[in-house]
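Given below, in the form of structure tokens, are the structures.
The same chain A turns up in both complexes below, where it pairs with chain B and then with chain C.
Moving on, here comes the complex of A and B:
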């Protein structure tokens, strides 16, 4: 896959070799991978992709790795679920859920980006991999490092959900709990990355790592029969996922896999941490950092690194952004679970809550082919819903007790 | 004196030093002082209009200056300042 040509500064255009660097020395702008689309176009085809592995690596031509050895061989190709029940409830004819709650191996979309990051880190000769994380990323880095036999350091905020902490420890990386929020962790890690020669997946490996998110766009298009959705609803933390889905859709057009991109991109945040959505609603192209206060901890980035680009992508697509309260997040999680049997983490509740809002205010219309991106698994954020789901019915182990509790007669009743 | 932590991309200007000391009464002041000691540093931190570049984050004693008074944030003896590039990986569809 020698289609990577260089890293290029998004702000001033200066080019760099494809090494472990992420910031332009001249203007501090972010570096991004530059590909030779003309070359890719000659070799890529729908058939080649469909004959490829059942994972993100079927799109290796459009990923920033040299290959042919890929770490994280099972990430991606999660189900695109036709959500008939939720669609009927919301009044949408064609609603799909891109279900990354079942991504391999750690049940979130981060398995995509980490597979790419760790593959590239290995190619660049690193033996230690690290990250700053709101939880899901750390879990994925820890698991991938264990499988790849690499040393790992994961840095997490001090207030994470128990399952996300345990989901690191079990793989035995060095887990560093930082007293502070994600933005504090991130700042610390940016400084550590400058001092130690590690592959920090979301810092010096970020130009490669972030590209893994494009596979959500690629898979959606392939699973829809090589067409783009009319509407996409995407949760935003740093804003990277949203911008990369937008980029991925367009790349498919550049390399001739599809003819047009007609998707409107919609961003979702929780009210307690909505710097990007707030800027969008105010019609600004810049955001003001905030101190996060929301149960949607995986989205709790107050100073979103890609916020500026997320605003730009949404505007280019003529899409929208919105935010929901923590109560609406919980309702969103329950609604998705109870209509489609998919248990999402809090970020999923944010997505469903905002989807509901956008349908209600007419932004998303009945006939729009809509895809909602559900990026993480509810079993990791049980604290968020534990008081909102009721309790089991407790009975003595006798038929009589059961029938009495459910008010059934001797010959059945109840459900029959 | 104010302790300033210098990020990797700026170290060629500080002869490789990751930390420098300077005297300054505000962040703006500090940028000028750094520029006198290490010519060129201001151009890297600020755009043509003198505003801090979009992807430059400055922290005083670990607090983002956007939560304080921005460039006008005052500094006192013993304060620690970190200059940290934002870690965006963003893109636009226009190639």
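Moving on, here comes the complex of A and C:
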């Protein structure tokens, strides 16, 4: 396969071999993968994709791997749900939910990026895989490493909640609790990645890792019958997911799978950590770092690596950005659960909250074919909604008590 | 000789100060600016610091003390 041509600096354009490097030696700009689209175009087709595996690997021609062995064989191909109830509630004719709450194996979109990262890491000869994470990424790295028989190191801040630590320990990676805050873990991991010969998925393997997010764009287009949506609403942490969905849509055009990209890309953040959305609303092309304070912890990146590129992609697409309060995040989670039966984590609440705002202010119109990206499962962040979902109805163990509580006659019917 | 790549961000009230010059004089490090964008209300630099490890650590602490934000070149990597 090997459709990768090189790694290329996103700033100065200098090219590098496809090794485990991530920063341009000339200008210190970030590197990304460059492909031979003309070569890919000769062999790729809708039929070839549809005949491929029911996973992200059906798009292997457009992913930064050599193959033919792929790790994380079940990641991706999550449902694109026609959200009729939520659409009716919001006043949208054609709303879809890209439902990565059921991604395999760890119920978040991170399984896509980690599957690509670990496959490439193995191809480059690494035996140890590592990451710095507070949640979904750690879960995914630990699970993929266990399945692949690779050594794993997961670095977490010392004050992480017990449930999240357990979610990592079960796969038996080396979980390293760093005494200190987020910034201390961040700095230490950057240093370790520079010193040890490990594949740090979101540091020295980042150019490959980030490409996995493109599969959300590929799947959306295929599941819509080879059409791009009019509007996409995407949660932003580092901003990488948004930029890669934008890149993925265009790659499908470059290789002849679709004729046009007509999508407006819209970014969503929580107010307590919204450096990118704040910059967009202020009309700036640069963002100012913030100290995160939000329940949407999976989006809490105060100094986002791809923030600048997310602003650029959104502007290119003529899209928009917005942010919601923590209360609106909770309401968003409840609204999605109660209309579509999908329990999302807090990032999903951010996406639904911002979707609602963009419809209300007329950015997204009634007839727009809209896709909202729901990136993680609500079972992972139950603490966020524990005080907002009410209590069970408690009754004595008798038929009379039940019928009285629910105001039922002998023939059923009634309601509480 | 060890070298460290950092991303430095200047708040509006620090933009006019010659902070990189001062760091080069106050600590035994060579400062090498590779990329920068400095405007009226905000600015950033991608900077290489070369010197002994302890002196680099002291220079980074010195930068922070002067009121600028210093991050690894990758920015935030904890996801």
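To be clear about the criterion, the second predicted complex is superposed on the first by the 398 of 416 C-alpha atoms of A that agree within 3 Å, B and C clash if a C-alpha of one lies under 4 Å from a C-alpha of the other, contacts with A are read in each partner's own complex, and residues count from 1 in each chain.
Everything below uses one rule, namely that a residue touches a chain if its C-beta (ideal position, glycine included) is under 8 Å from a C-beta of that chain, and two chains touch if they have at least 3 such contacts.
Small disclaimer: the values here were computed from a predicted structure and weren't measured.
Asker: Do chain B and chain C fit side by side on chain A in the superposed arrangement, or is it a clash?
Answerer: They clash.
Asker: Under the stated touch criterion, which partner chain does A:349 make contact with: chain B (first), chain C (second), both, or neither?
Answerer: Neither: A:349 stays clear of chain B and chain C.
Asker: After lining up the shared chain so the two structures overlap, which partner does A:376 touch, if you call chain B first and chain C second: first, second, both or neither?
Answerer: neither
Asker: Quick one: is A:210 in contact with chain B, with chain C, with both, or with neither? Answer first, second, both or neither.
Answerer: Once the two structures are laid over each other on A, A:210 reaches chain B alone.
Asker: Look at A:26 in the shared chain and tell me whether it touches chain B only, chain C only, both, or neither; answer first, second, both or neither.
Answerer: It touches chain B and chain C both.
Asker: Which holds for A:187: it touches chain B only (first), chain C only (second), both, or neither?
Answerer: After superposing on A, A:187 lies in contact with both chain B and chain C.
Asker: Between chain C and chain B, which one touches more residues of chain A when both complexes sit on the common chain A?
Answerer: Result: the larger residue contact count on chain A belongs to B.
Asker: Applying the touch criterion given at the start, work out whether A:87 contacts chain B, chain C, both or neither, answering first, second, both or neither.
Answerer: A:87 sits against neither chain B nor chain C.
Asker: Between chain B and chain C, whom does A:133 touch in the aligned arrangement: first, second, both, or neither?
Answerer: After superposition on chain A, A:133 lies in contact with chain C alone.
Asker: Taking the superposition as given, does A:305 touch the first partner, chain B, the second, chain C, both, or neither?
Answerer: both
Asker: After superposition on the shared chain, which partner residues are touched by A:289: those of chain B (first), chain C (second), both, or neither?
Answerer: both
Asker: Go through chain A and flag every residue that touches chain B in one model and chain C in the other.
Answerer: 11, 22-23, 26-30, 186-187, 190-191, 202-203, 206, 238, 286, 288-289, 303, 305
Asker: Flag every residue of chain A that touches chain B in the complex, lowest number first.
Answerer: 10-11, 22-30, 32, 37, 183-184, 186-187, 190-191, 194-195, 202-203, 206-207, 209-211, 238-240, 243-244, 246-247, 249-250, 254, 261, 286, 288-289, 291, 303, 305-306, 308-310, 312-313, 316
Asker: If we count contacts the way the header does, which residues on chain B are in touch with chain A in the complex?
Answerer: 5, 7-9, 12, 18, 44-45, 53-57, 59, 62, 64, 66-67, 82, 84-93, 95
Asker: Quick check on the complex: what are the chain C residues that touch chain A?
Answerer: 5, 9, 34-35, 37, 39, 42, 44, 46, 48, 69, 71-79
Asker: Can you list the residues on chain A that touch chain C in the complex?
Answerer: Residue positions touching the partner: 11, 22-23, 26-30, 110, 131-134, 136-137, 155, 157, 182, 185-187, 189-191, 200, 202-203, 206, 237-238, 286, 288-289, 298, 301-305.
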